[in-house]
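Next, two complexes with chain A in common: one pairs it with chain B, the other with chain C.
Take a look at the complex of A and B:
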């Protein structure tokens, strides 16, 4: 497996499905998407470093509770900092920020990469995964906030106010936009693969 | 799992718990004050919106004050009200935020507003937090709240929103009540009304053709010469001018006959002393509308026995909703009077009322040319379709209820449920017809 493919583990699409819950919840506003993206990157990064440092001494049978404990610890600390520094965003994210503790994406990275490999590899994978999710959340948020709320970064876009589709700002719109973005990613992936095969 | 693995796992879990517990404990010292400050800030956001930048915090001082009683600002709408419900003092002394509730018969729910008043007694900002009236005055006049900003308790040059006078009257009353709360508790100094403001407030009372239930209604005339401000009636009943002479200001009223009266700021009639102002006001007014043909035509259609050539137009010396009057005799020798009034009704639409009064002061006929109910539509031709509480049959009965009515017996029994604005307008016009009749009869004596 090439290094690049390993980083993404050929799974951008499944990754999105695993992260659908918090991508949907945090993509109604660009500010919320960016804050959630940073929270995901920092949680992935710190938990990966700690888990990869401890993976040799963690008994196999106790991996799950210990990983969850470490991830929850970091999410709690990040939540406290965000409540202090960006309360508006915490209000927007609501319970979904705390739910990062049990996110399948973070647990998957902890289990598959940090639990088996060294710190540098874990850091690289965490950055790629976190960066990918952040980019997707920002794209979804841009679409949903502009067309659903007629605003960007909370600032009203006057000419859109009469044309906004409010449903896009809700949960249904979140999943709809996510599905469209997912379809776009798969199409792009298929196109890149076909070009490689032709080459 | 072996015993050693179990103990090892337990030790790791306990160690992780201790590390994160200590980290959270330490971090809490740093974040807790910030989180508390954020929570307090969120609660104050709505108050900060009407205070200058730099507001530190607020103290609820409602219980320490004597609040003014709830008021009902529109005489013809008992459901209209304004009341103060809370007063907040900015802790660094920037000013006060007063929370008011208000409403009208057009409100679907309680309307609320916040008025921010500086320590010097000027409005910093107003935030209409809830507005449920059927017509949105803030859409009718998008800068309406801006007209209040910076004003003291005199609220000079703050007018009502044309066509939404019920809502804007109650809204303005709520703001006035906010000021009353602070001035009556000696927290700010009351603003002083300017002479032109005092004179403008006389107009609805002294010239009811430009007033509707105490509210000035007219089309503004631009300043010119000694005319500082002016309003031409919407119903051809005359005009009103605020005029300056030296350092003094006067109110000059003109009716549709081109007769003028001058008032000073004490509401004294000073016409004879200021004929120059009368001349200038009449020059601006140009001329009233001639209704002699209209009255002659109308009389012949509603009174069977008008003696030919007996109709004589009367010069009005009253200032009200009557824009023309005539004296005539019937073929059996009785002298009667007809008064043509054009009261304003729903959304400033103009109605027409022809009141015929005999020499004893009793109504012979009250003919309503247009009866507006609802959204400015003349429903008279379609009452037989059952609109409102008046159909074609009861409408005739409604007009007939006025026959025999005198000034003393004119009362609220003549109002129609479901069409109160229009039927009040008819009643008020009739009252003005009686006032004009009395003036004519007084002049004859």
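Take a look at the complex of A and C:
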């Protein structure tokens, strides 16, 4: 377990490649990012628990469809709950919430971790993966909403309204901000490593 | 529907309605660019065919069966996509394996296919079919572009922090800026 978590922290790029779509799509607004983050964590957790409990009786050849259907069931459940409690956010997320059911990140976790390990190990990895993705989405959303829309959590920030960069709120902003955040993480990692080596 | 409209929809799928770049659907599959141009083309065309067949099945199901049970849409559509991909893989197994050694089933089950099926429910049947072809071509082109990009980016010329995914994301951002003109 510790190795998996350590690898995840050390190399976030492969994880973000798979999750890039929904991370960029939901990072235009902090509310959407938080909702998507919660949806990802809950889906990862529930699907990991069910799959790790059932992995011994799932035939190897039928793994892919069964895992995807289990994940889809939970995504549908979350979609319905969100539609009841926060329909505005569901509207912001659009089709991306439904597309979580075929997300490679969740499937990879189901396949590589929950499909081979016990419940507790799967829960730990799911929490780390979900927490990491949520943090990235929130950071990107804060930057994009503040500089692109001159608002935070939908509330206008008066002094920024004349200086906002509208391009950041669109698709281009998604790519730019995610690239910058990822580069920042890498730089920070390199700095921490160099400090450790010097000490 | 005139030829002009059909060509317009297909062109939109390539440019202004590009799923992986502008709608962030199937972006993960595109960014995982460890494949040659030939493999990308085969995978892209295979996915286009999956998109077309999935639309052909999901549109009538949504219109005639799910009218009073829209909450089942995602579940039903995912089942259809799974069946289409598995059947397609069984039939074209030899051709796909010959050209590319990646797992087609894992590749083709992506956000672009499901997102397209959901978006297409708001369109007419013929329009939905043409859109799926256009979006599929757009997906194929982006896939090929990113494969070519992987071979051309000189990592040594890029600062350490931006090597790998960040520089690819920045390049994708540039392409998005160009596509936004349409």
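Here is the rule we use: the second predicted complex is superposed on the first by the 181 of 199 C-alpha atoms of A that agree within 3 Å, B and C clash if a C-alpha of one lies under 4 Å from a C-alpha of the other, contacts with A are read in each partner's own complex, and residues count from 1 in each chain.
To be clear about the criterion, a contact is a pair of C-beta atoms (placed from the backbone, for glycine too) under 8 Å apart; a residue touches a chain by one contact, two chains touch by 3 or more.
Remember, predicted model here, so these are calculated numbers, not experimental data.
Colleague: Based on the superposed arrangement around chain A, label chain B with chain C as either clash or fit.
Modeller: fit
Colleague: After the superposition on A, what does A:85 contact: first (chain B), second (chain C), both or neither?
Modeller: In the superposition, A:85 contacts chain B only.
Colleague: Of the partners chain B and chain C, which touch A:58 in the superposed model: first, second, both, neither?
Modeller: Only chain B; A:58 stays clear of chain C.
Colleague: Which partner does A:170 contact after superposing on A: first (chain B), second (chain C), both, neither?
Modeller: The answer is second: A:170 touches chain C but not chain B.
Colleague: Using the superposition on chain A described above, determine whether A:127 touches chain B (first), chain C (second), both, or neither.
Modeller: neither
Colleague: What is the C-alpha-centre angle with chain A at the apex and chain B, chain C at the ends, nearest 10 degrees?
Modeller: Result: 80 degrees, to the nearest ten.
Colleague: A:21 in the overlay: touching chain B, chain C, both, or neither? Say first, second, both or neither.
Modeller: second
Colleague: Applying the document's definition of touching, compare chain B and chain C: which contacts more of chain A?
Modeller: More residues of chain A are touched by C.
Colleague: Can A:70 be said to touch chain B (first), chain C (second), both, or neither?
Modeller: first
Colleague: Taking the superposition on A as described, I'd like to know which of chain B and chain C A:138 touches: first, second, both or neither.
Modeller: A:138 sits against neither chain B nor chain C.
Colleague: Considering only C-alpha atoms, give the closest distance between chain B and chain C in the superposition, rounded to the nearest Å.
Modeller: Distance of closest C-alpha approach: 8 Å.
Colleague: For chain A, give the residues common to its interface with chain B and its interface with chain C.
Modeller: Residues 65, 69, 72-73, 76, 80, which sit in both footprints.
Colleague: Which of the residues in chain A come into contact with chain C in the complex?
Modeller: 13, 16-22, 24-25, 64-65, 68-69, 72-73, 75-76, 79-80, 95-96, 98-99, 101-105, 107, 167, 170-172, 174-176, 178-180, 182-184, 186-187, 190
Colleague: Can you tell me which positions in chain A touch chain B when the two form their complex?
Modeller: Contacts found on chain A: 54, 57-59, 61-62, 65-66, 69-70, 72-73, 76-77, 80-81, 83-85, 87.
Colleague: Could you list, by residue number, the parts of chain C that touch chain A in their complex?
Modeller: 20-29, 31-32, 71-75, 78-79, 81-82, 86, 105-106, 109-111, 113-115, 118-119, 159-162, 164-167, 169-170, 172-173, 176-177, 180
Colleague: Going by the contact rule at the top, pick out the chain B residues touching chain A in the complex.
Modeller: 1, 5, 8-9, 12-13, 16-17, 19-20, 23-24, 27-28, 30-31, 34-35, 38-39, 42
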